[in-house]
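Okay, handing you the structure first.
Each chain carries a letter (A, B, C, D and E) given by its place in the written order, and its residues are counted from 1.
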């Protein structure tokens, strides 16, 4: 009997991400049809204090063995160090901040999604492949935004036409778009997750500036695309997963998910699904109370990932392919299609900093 | 036929009762003084008529049962109020104060300007910066603008200079003589009241202690209920 | 002649084109009640506001016992010995009568920065407050909530609070307003007894009270003092009759 | 930085100010005129945007979407006025803050319950999409120009309504003394329901117009609510003129701050750090502006009341 | 004794009995919840000094809560990483000792409250509400982008700070410590309300003109109350950060400021135990309703609405049958 505590965002503006995470995760558990895994799901309201409180509750009162589900880095930073310090396993379905990959890595902590910088690095690599010479880059002014621009620059070889940090939660990008227009850039990289990305894409499309755009998958998520509409068509974005990835596990997942929930899966759903399958594979191999054995079982990553080839680097973060996708319209639905592989078997920049 | 009839009206503020079965009537075109010492229920009676306090008993105005009406409905039947403490709309100009109240009839901006030339000079001044007496004039003018059948003046000359008081009493006498408006007047000075009103109702602890014509008011009544 | 307790020198205050007080100089001597009368809008309240410190004059000065206090704010003037009552009662309505009086005593003591010991436990504050209530005939109401007082009683409390300050001079703006015959008579007696303690600058439209109380009367018209004199002098003054009194006198 | 770019940024600042005014106008109307702190104004903005998106999706017409926004928000406004707000007029600000805070919770989660957690689609209508070229070669989106026009027209209409009409005078009179205006024969209850619905409709319209450029999602109302509060507090509560001036000031400060502060720090810092520091300061700029204005003029630029 | 007095005693008993039961029944999470309630109550009790007695509706008290939190976060961060802080060339070591952290939190948030109050108290009414909100937003945005201490990610402390003679890692011991602090602050508030200062402050809320006319300065009285209030809320922030072993910009968020106000009104404005009851109910609701429904905010909103519209005087008012504390 393994008890899993899922802390994720189910209410408020960011709820769609958490809901997909949960649905993907539970789908896998249900498919496995096992009664020795119990999942407790709670809503963190996207507030760090609430997440901490829920973690305390799950550890002290529910006595869970494994925690998972957090979407946001700041919530992860609030929960993960304390949880792993208490000997729990934490499997990340999304957030994977640099601190937890480098000096703060822990044998009980696994990121099943990516390392936060990965998609930005892939965008940098893509920009280089495309031969962009002057890219304008922008992101919100908070740690994830700063990591994003640094990640992009790590693999981008051209020069920068400009670098802007916007305000977190900003909704009007007229000033930034004017700067882009005036900068003489040949392309734009942006990281604006959630509603910020929707606003930016709509306003960009309406501004008459038509430089190629590239960004990480967060702004092109299945759920967001419908709200952006035509403004997103043709835009390139980088992702570790796409619904058209060609492997059997993925095809089965997309079908089952659409069938069960009546909508296409997003990357959060895919990561939730993989996380559950990874967990199930480890449960079959080791006792969750035996930290060393269970950790080793997880690290084998012996499951059929919807992302195809998948393994863990030394710091328990994925080694996987990163793809370039393009937004297309399929019938009435806006979705993504893989157009290239941006990076192959990418690990991450922090492996060397991790001493465990 | 009386214009206004109160029959056993009672009222309370929270736990404390302020009126205990007040009854009196006021005829069309009549001027009635409502007297009594501080806190005896004069203002509460006025509030009862204007539906600003919940009451028991019956209040009839020109054939309408006021107790069933909301304040604005009662006012529209033709009750004009000059409230205790003036209560001008502090952030509105003099002109706006008057326009807010205006309803059609002989009393319009020009007519009240004739009555209070001082106000006419201050059309665009906001009420909060008027002197006390100017505010009092404004409150009277504002009530007139509703062209009421019954005008209620609650301490309408409080805080006014003697000369102006005389003017206002003069104006009230003229109002009564010329427009046939009925008046319910509360004031401190019996001599001034008697120059305008025909009859008086004296309240004591929320009940009518005496009523009758001014001339009939005995020294004992004055001493016992009015403190003079 | 001794120096006046309170003095204004050439006070001027204009609101836009309107000069509300124009070059007003007057004095308040020890032991007197000096009444200030005048038509509505003459500038009496504006003058009181300048004396109390609520309004800064455009020109001129205010002197308390010979010291210029024009630059000081209301609170500082109060500490220097100027006590005022308000036309519309300014009292802590949710508090008891005693607490309001204690507030005055506290202001007089100048030591509000005590955080732990209950105010009621301070004998000196309490004695002073209770004495003032006694004088203002409110001793029986000490425990009553101020909101439950009648209009007249609130007037009395206003004066009681002023009394706790043991002021050098009182400023009173229309203390009789809203009082019935009986109330006015009681307040007249109280003011009469106060003058020995500190002189009163009294603004009032109630001529019965003014004529009964005032030692001197000044008449303010359009911001200027047109006459100052005894009750009889003022009653006889034709200009004052025209501008203010009418046939009252 | 070229003069054209500077001119364009000034225009952007003005335009974001006008968008803010659309929101602030309804807020100041309710807040200033009726003396009510309505934290739920942002929720009405959201309701407007959702109604617009839903109507536009169902009918395919943007114009009908706007009508839907107006109607939906006005109806929601009238409803909450009758059910809740009506009991709050006499209360102190504290109760108003709390009750309308509660309304935010109810509206946000209620909307999510009805419409789901995913953002909705609402886009610029084809007739207004794309840029136009202004003098000096400034390229500017037509839709944003339209917003400027709509905002100014609305400002004029409100000035007139509140300042000149008898309805406006009576509303303001009611703010000074509700009981008294009723005693003069004015049905103040109905008037207030009307005003609240009007304010709500303005918020809804703002939500639909501005939402077109943004993401229509749960929680979209709160950030702009705070900005709108900042705006009307700078301008002076209850003053439509203040709301307009405040909105333009906030718009310009926000836009120009985010553009020029990073440039300024680049003069003596490495570019990456300069943009971080500059934009950190820029995100605080309007709050600093507000604090400065209030310290200088405690009741805002055109305010009289507290 | 009055009914409110009995109610307060009942609350006190519950504050001891519930965690005691949890200890016996081995329900450590209940103790954690109680600790959370006690700390939030402390924060609101701080606000209550300004709001309940002084009538200052501050929608920016999260500033002080956050500052207290960061005082703890920064000191402990430097202690756990053995890297001293550098102030203009002077290096100061971090610390993991609660008494020192508390002192720093009190002083820093008290100073901040003093300076914010100095500016904000020039305004009143709605403007005061909004200017305090503006300061809250300034701190919030600053902390989000302040990379040195994690920006939006905040600062994690791996092990709870220590208090001489106690093992703070044991939930019940940490709870006891927080409870003692709360009770001390409540005792202080009770004394304050009756003191000369409380009398003057209370009058300044009701009739500022009168207070000026007796020679006192209402603004200085309010400033003192605001400073004290900020310091107490700051202390609560330090404890809260220690409870979570984590501090982040969300401690500065305006919603949190709003929640403090909610606690006070929910419990009963200007009641000594108002913040305690309000915070306890909030924590319980959050815990239970959160389990019942994803849309629990709707229910919580309805409850708040009901309390505001019909339950004047908050829960204490309802239970003791007196609408207003000031009656």
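In the analysis below, contacts are C-beta pairs under 8 Å (C-beta built on N, C-alpha and C of every residue); 3 or more make two chains touch, one makes a residue touch a chain.
If you're wondering where the values come from, they're calculated on a predicted model, not measured in any experiment.
> Note down the smallest number of touching-chain steps it takes to go from chain A to chain C.
2
> With chain centres taken as the means of their Cα atoms, state the distance from chain C to chain E in Å.
44
> Would you mind pulling out the distance in Å between where the CA atoms of chain B average out and where those of chain E do?
The computed centroid separation for chain B versus chain E comes out at 52 Å.
> For chain D and chain E, let me know how many angstrom lie between their CA-based centres, rounded off.
That pair's centroid distance is 31 Å.
> Multi-chain contacts in chain B: which residues touch at least two other chains?
Within chain B, no residue contacts more than one other chain.
> Which positions in chain A touch two or more other chains at once?
11, 141, 146, 165, 167-168
> Hunt down the residues of chain D that sit against at least two other chains at once, touch-wise.
If we look for residues of chain D contacting two or more partner chains, we find 108-109, 112, 276, 279-280, 283, 305.
> Can you name every pair of chains that touch?
A-D, A-E, B-C, B-D, C-E, D-E
> What residues of chain E sit close enough to touch chain C in their complex?
Against chain C, the touching part of chain E is residues 188, 191-192, 194-200, 202-203, 206-207, 209-217, 221, 224, 324, 326-327.
> Write out the stretch or stretches of chain E touching chain D in their complex.
Counting only chain E, the residues touching chain D are 51, 57, 59, 119-120, 122-127, 129-131, 133-135, 137-138, 141-142, 144-147, 254, 258, 261-262, 265, 269, 295-298, 300-305, 308-309, 312.
> Help me check something: in the complex, which residues belonging to chain C touch chain B?
Listed in rising order, the residues are 15, 37-42, 45, 87, 150-152, 174, 177-185, 205, 207, 243-248.
> Where on chain D is chain B touching in the complex?
Against chain B, the touching part of chain D is residues 166, 169-170, 172-173, 175-177, 179-189, 304-305.
> Under the definition above, what is the set of chain E residues touching chain A in their complex?
27-30, 32-33, 36, 141, 144-145, 147, 150-154, 156, 158-159, 171, 240, 244-246, 248, 250-251, 286-287, 290-291, 294-297
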